[in-house]
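The letters A, B and C name the chains in turn, as written, and every chain counts its residues from 1.
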Amino acid sequence: MSEIRIRDIVQAALLVAGEPLTLERLGSLFAEEAQPARSELMGALEEIRAACADGPLELQCIDKAYRLQTRAEYAPWLNRLFAERPARYSRAVLETLAIIAYRQPTTRGEIEAIRGVAVSSDIIKTLISREWIRQVGTKEVPGRPALYGTTRAFLENFNLTSLGDLPPLSELKTMPGQTADATEPVDQAAEFEATASEAAESEAAESEAHESETSRSEAPP
Amino acid sequence: MSEIRIRDIVQAALLVAGEPLTLERLGSLFAEEAQPARSELMGALEEIRAACADGPLELQCIDKAYRLQTRAEYAPWLNRLFAERPARYSRAVLETLAIIAYRQPTTRGEIEAIRGVAVSSDIIKTLISREWIRQVGTKEVPGRPALYGTTRAFLENFNLTSLGDLPPLSELKTMPGQTADATEPVDQAAEFEATASEAAESEAAESEAHESETSRSEAPP
Amino acid sequence: MSAVLVRGEEWSKIPDDLYIPPDALEVILEEFAGPLDLLLYLIRRDNIDVLDIPMAEVTRQYMTYVEIMKAVKLELAADYLVMAAVLAEIKSRMLLPRPASADVEEADPRAELVRRLLEYERYQAACEDLEARPRVGRELFLPEIPMEARNLERPAPKVTLDDLLGALRAVMQREDAFAHHRIMREPLSVRERMTRILEQVRSDGFTEFSMLFQVGEGKRGVVVTFLAILELVRESLVTLIQNEPFAPIHVKAAA
């Protein structure tokens, strides 16, 4: 450790003070017999200002008092430091999103029928403002309800190349913690599976070469 | 203003955070797509440590989190910055704290047995309100006394990287003719020391690079 | 501090034959951390080997200090008196002749006291180490830099695929909802394509059927698109229009 210089002491004080410091206050850090001249303190401040140029801090003078603060350019990162814990989506929001993903394009009425409870406009608004769903059309039935589908941002957020990457329902049914009671729902899921795998097989045989192309082009632009 | 580097962001965060930051927390400053690798963050911390060498700050690791702090040599000047004198604690309070630190989890009864004097509730209250200790459980013996242990704030306040950073208890001298199967408290203390040094070892393995630097900066001037 | 008080009348009550080093009173008034602390102080002060304590002398000195503490009205913990009794007991046992065939363990009446003193001494040393460490707010100070352009926006919640699938599982578990509605009949790629087609077609104009197919997708893409269109027609979401056989087919969102 080299000798402690006036500027080091001034810098340390500015770093820890928690408030702007006047020249008087900076001078008061030193014992009487080692009191630096005003010009020395000013010189130290100038040195600090220059040394900061390359880093995240800048020296500010507010009403004859000095303080170090972070440069505004750092706000995007530092805001994340103080960001509150992210909120959590309610079960209703997640269920709605899941149903839209698996059943799109679909209407609020259909989601309500499946969930067995009303879907508030807030839920839809939340998902739209998050840009995970959007209105893709209107259903030609009385009331002309909006049809919702998922977006590219949805795929990106869940790291999916396409919706086809979502696990089929039958897999969901047999996930741990689930009782595999072979009732109608399971049958339906199986039926869905059969359809899907048939389609996949017939295609796979013909166009392996396109495989990668296909999955890429499936994602909307 | 030159380009903003990872190390500048890390440094800015350490300066404004007001508490030690873990690598996870530092990583969370960055947008997901710009997430630096753990090694990059470690590299940034090393750069900051090196850059600090010439100034009033030093990098310290507290329980796997990092903070910048002024070097102890600056205390004479910085103490003049604050009107408030640092709090002083009585021997009774500090002895109690030391015993809890070395023997945790431990009960008031055990502390009293070592100190040979009653430990007043005031002492325990002082340590708890200072957040240096907390109740970590209850001992399953008649009366179900509280078990106390030290906190993270204790490590932060006493500038300890981990409990293993505490110097080991001195060797227990034995009386001539006394058998070594000493009594229970001694065994427990020895056991604790083993645990503490194990902890120190695993910590060391994780941050070998810092080892020498860390221990240097920890030594009081 | 009761220093003045000490030099007052209480001081005069102390027996003349007591040896009190000049610094001792100060130490007493600083308050010993307990009887063990006082004993250790006496032992160290006189350079006594803690493993071979002259009980008579130490006990006498200990009692002297306890008397002084009583005299200056220090809050005297009962623990000091308990220790006095312990010391007296050890002293008296030391005076008894030891049996010739003494058990080694039983040999020294001081053993337990010495063990406690040594044990306590270790923690005293640890306490001194702790006290000597640089402490935040005393030797160490932490930077407290204000942040320019601080802006607190609550970040959007994170949702993982597991969260999503968990939610779906919950829906499926609601047995009867599942039974009455045919969720997810079609492969998801078809469902997805349905969304995309709906985005492409408009209700106020026609989109040519063939434009919905992309050559680069190969047969698989064609099949998926075709299934999607059929499904859309079945759900009355789009209308197909062909003016005459073999004429171009047009697709229009249901008006």
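Heads up, the rule we're going with is that a residue touches a chain if its C-beta (ideal position, glycine included) is under 8 Å from a C-beta of that chain, and two chains touch if they have at least 3 such contacts.
Because the structure is a prediction, the values reported are computed rather than measured.
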**Message:** What's the farthest chain from chain B if centres are computed as the mean of the Cα atoms?
**Reply:** A
**Complete:** Winner on contact count, chain pair A-C
**Asked** Quick one: chain B and chain C, Cα centre-to-centre, how many Å?
**Response** 12
**Request:** Mind checking the centre-to-centre distance between chain A and chain B? Centres are C-alpha means, answer in whole Å.
**Result:** 33
**Item:** Gap in Å, rounded to a whole number, between the CA centres of chain C and chain A
**Value:** 27
**Prompt:** Which positions in chain A touch two or more other chains at once?
**Reply:** 12, 15-17, 57, 70-71, 74, 78, 80
**Item:** Residues of chain C engaged with two or more neighbouring chains
**Value:** 141-147
**Contacting residues of chain A [partner chain C, same complex]** = 12, 15-18, 57-58, 67-72, 74-75, 78-80, 82-84, 86-89, 91, 94-95, 97-99, 101-105, 110, 113-116, 130, 136-141, 147, 149-150, 157-160, 162-164, 166-169, 172-173, 175, 178, 183-185, 188-189, 191-192, 195-196, 199-200, 202-204, 206-207, 209-210, 213-214, 217-218, 220
**Prompt:** Given the complex with chain B, which residues does chain C contribute to the contact?
**Reply:** 31, 33-37, 50-51, 77-79, 83, 104-105, 107-108, 110-111, 114-116, 118-127, 129-147
**Fill in**
Within their complex, chain C touches chain A through residues 141-161, 163-189, 191-196, 198-199, 201, 203, 214, 216-221, 223-224, 227, 235-237, 253-255
**Asked** Considering the complex alone, what residue numbers of chain B touch chain A?
**Response** 1-2, 4, 8-9, 11-13, 15-17, 21, 25, 28-30, 54-57, 70-71, 73-74, 77-78, 80-81
